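The following pair of complexes shares a single chain, subunit A, combined with subunit B in the former and subunit C in the latter.
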Partner chain A sequence: MISARYIIRRTANSFVTYAAALALIFAIPRLIPGSPEELMASSYRLPGEVAAELRHRFGLDQPLTTQFVKYISNVILKFPPDFGISYSYYPAPVWQVVTTYLPWTIFLLTLSSVVTAALGLLLGVLSAWKRGSIVETLVSGVSMFLLSTPYFWIAMILIMVFGVYLPIFPVAGAYTSTVIYDTPFRLDYICDVLAHAALPVMSLVISSFASYTIIMRDNMVSTLGEDYITTAMAKGVKTRSIIWRHAARNAMLPVVTLFILRLGTILGGAIVTEAVFSYPGVGSLLFNAILNQDYPVVQGFFYVITVMVIIANYFADLLYVFMDPRVKY
Partner chain B sequence: MRFGKTPHRTFLRQDGPAVRQDSGENLSSVGGSRHRWAEIAIAVMHEKRAAAGLAILLAFVLMGTLAPFISPYDPFRLLGKPYLQPSLQHPLGTDSLGRDVFSQIIWGARVSLFVGGVVAISVATIGVTVGLLSATSHTIVDEILMRLCDILIIIPKLPLTIFVAAMLGRGIWNIIAVLAAFGWPQMARMVRSEALSIKQRPYVDAARMSGAGQLRITFQIILPNLLPLVIANAILAVISGVISEASLSFLGLGDPSQMSWGTVIYFSMIGGAIYNGGWAWVAAPGFCISLIGLGTTFLGSTINVISNPRLRRR
Partner chain C sequence: METLLEVKNLSVSYFTRRGEIKAVDGISFNIRRGEIFGIAGESGCGKSTIAMSILRLIRPPGRIVDGEIIFDGTNVLQMSQEELRNFRWKKVSMVFQGAMNSLNPVHRIGSQIAEAILIHDDVSRREALKRAEELLTLVGIERSRLKDYPHQLSGGMRQRAVIAMALALNPKLLIADEPTTALDVVVQRQVLDLLMDMQRRFDLSLIFISHDISTMAGLSDRIAIMYAGRLMELADTKELFSSPLHAYTRGLIKSLTGFVHKGRRLWSIPGSPPDLDADIPGCSFEPRCQERSDRCSSNTPGLMEVEPHHYVACNRVT
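Presenting the complex of A and B:
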């Protein structure tokens, strides 16, 4: 069972990672050549004294240690964390900008992660059960091919097929912006949002279900070789029950961790996918912030997603111990 | 690792045939492991999948290397009408500026595989260095290096890469540097855990007893035994380099003077290929990337399974 020592060590590790991530988020924009006020000065042809004034206003003329202390106290001690004001959405605070875009990404991620895991597991179980048949060859061949297919390419193919040749789904945005609804809880609004999410979700699912299928298949194959499965077969337990209740439940355990570990990867994919579909999530936000050199927003973005992934990883590890009593720490 | 640290227990642990053959051979010198290498290579080539994977990869490497000789046109030259459908003259049609897509794909192999290859070699070098350092050094160094890995693994890699690449500016070497800088932690972790497990094996104890120093043990015994794993994962790192480069180029952060597959997809996106019937222009580069992925997966995972007896049991 789970020991207090393990929980303490795991929690401490998470905090160390969090602290280091904070430092990294502070450091990266400063390590990169060029500074915001130089960029602004050169792109708007500002005279030297204005650039110096900007430098002073941004607090960039203070020593790094002072900047760091200020940054840490603004981020840790305040809620919501204060990353300053966005340059490109002036004068909105970064936190407000990020949280406006975040729900769309979370919606996209949740929907696609769940569908991906379900489809991946199903195909994995199927190809393990039908081992050696044409079904297995087909499923594993397709999975291997899709394993390393770029998200954005799938997205473009889907736009071409379902947006141009068979125009079923809308190809851009998260909802029809020309219609204004009085309340978001209307059936036609929900349908509209789902229709807009269809292609982004499909491209995320198609390009990421394969890793689940392959791992699930391997686990299923080794689980099906266990003695208790033979016993169940000898007892005359129904095939369906053997597959799902006896084998799949046990083979699924590592997949749960995979589900959470892949969050970061899917998030990366979501950013590129959002760019293709002009979906108003944090991916599009980050991309525009990068293009506009909006450092505060970039920092806010990395802070929010890193904290999300750290928390998810923490609970994945603890959950795993609870779910599988054989694991000892 | 978790199996306990006393030499007695490791002596009792016999986990498969590979341990037995190693323990005889590696005692003498590096030369002894040559036999095992040949064995692994033969076993790998006996697998149909691995052979197919190698064939795919070699075909693309050949295509990239010979690009100046086999490509029918200059990939950047404007030749004629835009959006020509595939024909004998232009096997994949022409793009929105009337450039030959087939030539772009051939040159793309050169650029994409170059980036993938250099990234994979750098990732392997950094990963092995950090992993070995971590496995053989004191707790504090180990702890620091592993926490660093944790952080780099936990911060979603693609956004970070996009950000740094955008700040550094467009250029193929910038892209390679960024991808290598953020790509090594997984390799380092794997090398560390494998090195720790090799350290527990009887032949390492035997070498130590016969007077071999830490350096000799690390470089002449642990490293050669790690190499199959490193090579397998370096092969798998090629495709992640190719995909990451393609993602950056697709977002317009690539090197515009180099026609990689990502750049081809980028041009097809901004050139409106989707709405102008340029299906071959859109489909071809992504298909090539997936094929490379298939090849590296086949080859890399087979080497992994064959060189690692614990996986072979399935």
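Presenting the complex of A and C:
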């Protein structure tokens, strides 16, 4: 059961995290060496007066404290939060830029997280049940290998294999930009989008399912040794039901926590993956924004991501109570 | 009395990296209808392995290497998976050692009892839950507990719920493997009384496994004494306590404490049980036996009926 006291404490906790994140989001882009107007001035060979005018227009000539106060009040008090105007997508407001790219990332992440968790759990359960067999050795070996392989390396291998040697999947973009559809709810459009998502999703899945497999396998092995599993067998419960209803159901509990904790990591991976596949998500956006020192966009990106992760963690904690009856808050 | 279960020359081994461990080594006994049969012995002597073998629950690296287990005329060891599933719980059910851990922590008590009913009987879930409710009342748990999770029940109540679950399908044989070890003394008594009450009421055969022969003395019709995977002595309870024939049985009886005067030392059998991964050429109790003779280290005594219904495996007696 959840007590009201716990909910209040947990909510307060989330707000503290939110506040800390707000401050960091302001600080981090400003810690990148150089400054946006210097970058623009040098790359476009602008005269000094123009650079000064840009500084003034973006408010970068004001003291940091003034900038900070302005930033905080614009973000907290306005909806949608106002991060100002993008430097590189001038004159589009940041919120508009981020929300244009965001749906693609959400699509990519949802698809890859679900596939990752499902595949990871399945292989973990399988290798625990087939303990001591060649299946387990194979699954464990491959998992350990993949666990220590970086995202982008797998992405490059996939491009080589499925984009070059066996050109099955498109290697860049989120859809075929040369064809224009009247409505997005068409089968050929959906297939096109899925085909474009195939390689990015595969590289995210391949590089991250192993952590689920390994944790699930370990939990499964110890759960299968519990007395209540023997009881279930003695009752005549079918093997499939023993594996899923009695063992996996219990072994899965810590994996739920892992799923949520990994959201942040997967996002990090998504940035690199999107960059490799020129996928039009917020990852590519951030990548370019950092290169261009586009402070407002960097802030907008981190803000949206942070809020998403905080909310996910918040609900995961509350959800846990319903999954494990022993947990009491 | 009619025989319900016949265990013939049962051998069970665990195959580990150190080699074969003979947990049960050629054991034979019969269980009669309606009797309470006690199996006593130190931990690790193979009592639980026998219990698990009867339901064919031995899991790798363990394996039943030899023998027959005949229940009501059918050899359990030759049943197909389908026959085995119908046999389990419907004919023979079990109350396991760990009172605390034999219920799944994430499922409600009621649904765990109902699950057993639903597997074997063609009834609706609602019907099964209703029967689960009746069973709980039978073992003295309030109906409202049906929807509780195991952790919400005390240890004694949990073991009662497990007994209710074991009775769900009116089995002919109930195996109680150390049903009270994890409970405190007062609760132990209550759980044992409940078991005995149920045994009488349903005319169950009961295999009662324990390391505590004093408890067993008050409950069982017959007692089998096990040591290091082998049967040492088997007799009616009264007979066993009044004229024990095996040195090990005598040692066990002598080590019972009862009321001991202050200052008197407790008696125990010197030494400890042998490692089971090595072959034991003679009698397995020989190294600890106070009455051993020369041939005990080479000749393995077989179980012999030396008096009517009194079996013993000892070189001195046979």
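By our rule, the second predicted complex is superposed on the first by the 294 of 329 C-alpha atoms of A that agree within 3 Å, B and C clash if a C-alpha of one lies under 4 Å from a C-alpha of the other, contacts with A are read in each partner's own complex, and residues count from 1 in each chain.
Note that a contact is a pair of C-beta atoms (placed from the backbone, for glycine too) under 8 Å apart; a residue touches a chain by one contact, two chains touch by 3 or more.
Quick caveat: nothing in here was measured; it's all calculated off a predicted structure.
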Q: Assess the superposed three-chain arrangement around subunit A: do subunit B and subunit C clash, or do they fit?
A: fit
**Q.** Touched partner set for A:47, first subunit B, second subunit C, both or neither
**A.** neither
Q) Taking C-alpha centres, what angle do subunit B and subunit C open up at subunit A, rounded to the nearest 10 degrees? A) 70
(Q) Let me test your reading of the model: by the given contact rule, A:149 touches which partner, first (subunit B), second (subunit C), both or neither? (A) first
Q: Pick one for A:246: touches subunit B only (first), subunit C only (second), both, or neither.
A: second
Q) Between subunit B (first) and subunit C (second), which, if any, makes contact with A:63: first, second, both or neither? A) neither
Q) Looking at subunit A, does subunit C or subunit B touch more of its residues? A) B
Q: Could you say whether A:184 touches subunit B, subunit C, both of them, or neither, answering first, second, both or neither?
A: neither
Q.
Let me test your reading of the model: by the given contact rule, A:91 touches which partner, first (subunit B), second (subunit C), both or neither?
A. neither
Q | Nearest Cα pair across subunit B and subunit C, whole Å | A | 15
**Q.** subunit A residues contacted in one complex by subunit B, in the other by subunit C
**A.** none
Q.
Quick check on the complex: what are the subunit B residues that touch subunit A?
A. 147-148, 150-151, 153-160, 162-164, 166-168, 239-240, 243, 246-247, 250-251, 265, 268-269, 274-275, 279, 282-283, 285-286, 289-294, 296-298, 313-314
Q: Under the touch definition given earlier, write down the residues of subunit A that touch subunit B in their complex.
A: 13, 16-17, 20-21, 24, 28-29, 32-34, 144-154, 156-157, 159-160, 163-164, 218, 221-222, 264-265, 267-269, 271-272, 275-276, 286-287, 290-291, 298, 301-302, 305-306, 309-310, 313
(Q) Quick check: in the complex, which residue numbers of subunit C touch subunit A? (A) 52, 55, 57, 60, 84-90, 93-94, 96-98, 101-107, 115-116, 119-120, 149, 151, 162, 165
Q: Please give the residue numbers of subunit A that touch subunit C in the complex, ascending.
A: 132, 226-228, 230-238, 245-246, 249-250, 323-326
